[in-house]
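See the structures that follow.
Two complexes follow with chain A in common, the first pairing it with chain B and the second with chain C.
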Partner chain A sequence: MPRAGTGTGGINMLLDISRGALRYSPIAILLIVWELLGATGLISRQMLPGLGEIFGELVAAVVSGDLLYNCARSLMRAGSGLLCAVVVGIVAGLLMASFRPLRLLINPIVQIFYPMPKSALIPVVMIWLGLGDASKILLIFLGCLLPVVVGTYNGARGINPFMIWSARSLGASKLEVIHEIVLPGAMPEILNGVRTALAFSFILMVSSEFLIATDGVGYMISSLGDGGIYPAMFAVIFFVAGIGFLADRIYAAFARRQLAWREA
Partner chain B sequence: MATVQATSRGSLKAKRATPRIAPDRLVDITVQAGVIVVLCLAWEFGARVGAINPFLLPSLSDVLARIWADAMSGTVFVDLGLTLYRTLAGFLIAAALGIPIGVLMARSATVRWFFDPLISVGFPMPKIAFLPIFILWFDIYDTSKIIMVTFSCFFPIVAATYAGTTGQDKWPIWSARALGAREHEILWEVRLPLALPQILTGLQVALPVGMITTIVTEMLMGGRGVGGSMIMAGRFADSVGVFAGIVEIVFLGFAVVRSLEMLRARLLVWHPEARK
Partner chain C sequence: MTTVAMAADARHEAADRARTGIHIDNVTHSYGARASGRGVVALNRICLDIADGEFHALLGPSGCGKSTLLYLIGGFLPIQEGAIVTTNGPVTQPGPDRAIVFQNFALFPWKTVKQNVLYGLRKQGLKGEDAEERARDYINLVHLSGFEDAYPSQLSGGMQQRAAIARTLAVDPKTLLMDEPFGALDAQTRRVMQEELRAIWGRSRKTVVFVTHDVQEAVFLADRISIMSSRPGRIEHVIDVSLPRDRGEDTLEDREFIHLSEQIWRLVREQAVAATRGR
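The block that comes next holds the complex of A and B.
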């Protein structure tokens, strides 16, 4: 009995692995093409370093602690900017949806600044706060704020008014309604807005570090590039891309759990 | 009797409905316009009175005077034109690649097999990190900027198109087939219109991303364009120049995003969403 169980388990695992291998084989194909282009000399090694070399540089950068230190610095900035944006954005969006005077006050500001590409603020925060952490945190905060505000506002406005009226008639205060009805009801759109903000936080983190920084992964990439140490530059770029990918995946799992109580 | 009452009540409602909504909206619009005017005045006089350090926030009139001077010498139009050209060129190439690939992914298992993992891995990555690679490969001029913008815009467009064209309602397609439509006719007349709302949403996600990317590439590589001029002004501590760039970019972003919204409304006149 246990042998049969492990047997089918083994076969299932083999099937899973081969299915996964088939699914991700295009990535392997691209990597092989990458290697071949370099190995045959069609593209110079300078332009397209070998994968082994890149991996070696990645390991070296991790072991020396350089990469992890810079990564922690970057993520600290992105995280604090994003966190402030989420808190302020959700509160502002809920208030906008619940109180008309505030809506009239905030809406025109949101309308004007929402379509503006937030990377244009990089020189502004540089003038305001210099080259330190504060300027990048402010930039990420401002860049992530509006997607959260707009998501929360749209989610809160889309709630069936009968729910709010019912809660009110059952004696809920306005704040209780916001907390018990509006916030959970708007949650899917809030989570969507935060996901957009998460992507923006990475874009702004890396691009602000390219331009104004003395540490962080973006600074590492641009200084390695300026120094012509291309294998290491590729290694850090792939590492950053992987971190961004992981952050999105973790967030998606978190969002699914948050919405587990909703039907379907 | 009942009908008379009903019609009279109906007409009463209709009569009251129009003037009743209008003042409400009028108040909305005036208050919101008022907010903008007050903000502009606060900006202008905050700097003049000395509440705000004029270096940190130069007064609005100084900024507008700078834009006017630059407009007279033509640099504003060169900057805005270059930024717009790079954004739109990259965006349109991404759409020209992304929409067909998205449709093919929904139609062909081979194409899906090849692109699905690449897109699910590539979509959430911060594409801007790859910018130094594109600089290395394609130098610092327009080519690498436009390719970078294309690369950033491609993923949202292809993902939205694939989501829109896959799992479509079978009845309209069967009906078209029963009426004798050929495959390519079904594609143009049924599948693409059914997917159009989602494709447009993908484009609306991609365009702001493309603008962010354009500005960053310009800032990083220098040269003309709004981003390049702004970072130059920032490096020389020319705060009037920086804010002139901000005002220009707010206008450009607003115009571009609004045009795409208008295009959506125009293309989806037939769709239930237009009735709202």
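The block that comes next holds the complex of A and C.
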């Protein structure tokens, strides 16, 4: 579309927004079905509260500061666990790919633990670290670690060996090759692994707070549910879903920028 | 020849006084587990001495082990049997004294053309404006000016190959290993690059080991030509190219050039025919 003068900027933005709205219009269909099911009495209002009511609760929870406080607590846990997992996972994956003894040692461990549902570890981390933040951060760390390790390892192993040879013959040491060639070369797969880990961090954040927490969005959902305050509970669930969606979109945009060299 | 490139070369002339020769002594190389009998013997008892400052071309049928021999000299593959010695001592690992242009370019795809060239220069300790200028010189030399900031994925195969050549030439290695470096270029560009390579070699007296399928290219560029047999690769003939040092457009019409090309063409053909009979 030709850009003629300053006026088109606004029009383009409007176009972008309407295009985005169109893409997510199936969500609107879902919400309409939701309302119809409740309004016709097919499903009781108890189980599917009206969207207006839920929205009212959402506004109230935001205004009171309750939701934002709990959300911040949750994101702190998810963020710390995820960040540690990304750092440790990338280093471990690179070392595994680069050194055979490490690979032989770690590979079988990874293979056994990869398919295990990490929420099974909730009681374990509670016994180890109690009810505070540490137990949840450890759980999220463990859950996010393997996708990052596996992504990094696969990416690093898949690198064109001639690239490594080139770097070596241009004067790079073996250690320099790891972070100057193997790391960026593995980046597409690392970024995929981290995206999976990001989703896991949200899942584990909420599910661990269901069971062992006195604050956080997971705790809010479970205590509102226990108290039978369903509209408020749905308000928190919607909010968490929105935050998760937003985090994934932002991450995807970040990853696309990192990999601009591929699309050219 | 561009004067900028000449200046760049002159700057590094001093550091480059120590010349190297390459001595390949009874080198045998197999891929895969040889003990199990499923291994492939790629090179069989290769002996070859390449003098300081010699331009040596390797010819031979596809799969005869030309690339393998180059990788061994480069120190990329472990030497299983025999030895390879340069003036820097026995080859045990890769080093910037033996830079290589690979058959498949092996550019770093997340770096632009300029960043690819700068990578090697930085490793040589060159910084700032010096490095930038040298990178620009070599990008000019391979006729890629204007594409400094392009990523490899934005370039044609021939352009990628030229970028890889610039990256390798820029570090000014004592020994230059080239694996069909002009294979992806069109006939005209190929001719220009051949003349420039010959000129660079003439000025810097590098030792060059140059793999090619093109007999005329080998005769035009080289002082000596080795013709290899098909798998397991052996060196069947080593031929002196007794043409004047200064070569250019008229060399191609030189009687001696034409005669030698025909003679070598026949020898290479013999090996290729033997290769098809052997299977």
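What we mean here is this: the second predicted complex is superposed on the first by the 237 of 264 C-alpha atoms of A that agree within 3 Å, B and C clash if a C-alpha of one lies under 4 Å from a C-alpha of the other, contacts with A are read in each partner's own complex, and residues count from 1 in each chain.
Note that a contact is a pair of C-beta atoms (placed from the backbone, for glycine too) under 8 Å apart; a residue touches a chain by one contact, two chains touch by 3 or more.
The shown structure was predicted, so the numbers you read here are calculated from the model rather than taken from an experiment.
S.K.: Let me test your reading of the model: by the given contact rule, A:Leu121 touches which partner, first (chain B), second (chain C), both or neither?
M.R.: Only chain B; A:Leu121 stays clear of chain C.
S.K.: After the superposition on A, what does A:Phe245 contact: first (chain B), second (chain C), both or neither?
M.R.: first
S.K.: With the two structures laid over each other on chain A, which partner does A:Ala39 touch: chain B (first), chain C (second), both, or neither?
M.R.: neither
S.K.: Name the contact category of A:Val87: first (chain B only), second (chain C only), both, or neither.
M.R.: In the superposition, A:Val87 touches no partner, neither chain B nor chain C.
S.K.: In the three-chain superposition, say which chain, chain B or chain C, touches more residues of chain A.
M.R.: Chain A has more residues touched by B than by the other partner.
S.K.: Contact-wise, after the overlay, does A:Ala253 reach chain B, chain C, both or neither (first, second, both, neither)?
M.R.: A:Ala253 sits against neither chain B nor chain C.
S.K.: Looking at the overlay, what does A:Ile221 touch: chain B (first), chain C (second), both, or neither?
M.R.: first
S.K.: So which bits of chain A does chain B touch that chain C touches too?
M.R.: none
S.K.: Considering the complex alone, what residue numbers of chain C touch chain A?
M.R.: Per the stated touch rule, the residues are 71, 74-76, 93-96, 98-100, 102, 104, 106-111, 119-120, 123-124, 150-151, 153-154, 164, 167-168, 171.
S.K.: Considering the complex alone, what residue numbers of chain A touch chain B?
M.R.: 22-27, 30, 47, 104-105, 107-109, 112-124, 126-128, 199-200, 202-203, 205-207, 210-211, 217-218, 221-222, 225, 230, 233-234, 237, 240-242, 244-245, 247-249
S.K.: Applying the document's contact rule, which stretches of chain A touch chain C when the two form their complex?
M.R.: Residue positions touching the partner: 160, 162-163, 165-172, 176, 180-181, 184-185, 187, 261-264.
S.K.: Which residues of chain B touch chain A in their complex?
M.R.: 28, 31-33, 35-36, 39, 55-56, 113-118, 121, 124-133, 135-137, 208-209, 211-216, 219-220, 226-227, 230-231, 233-234, 237, 239, 242-243, 245-246, 249-250, 253-254, 256-258
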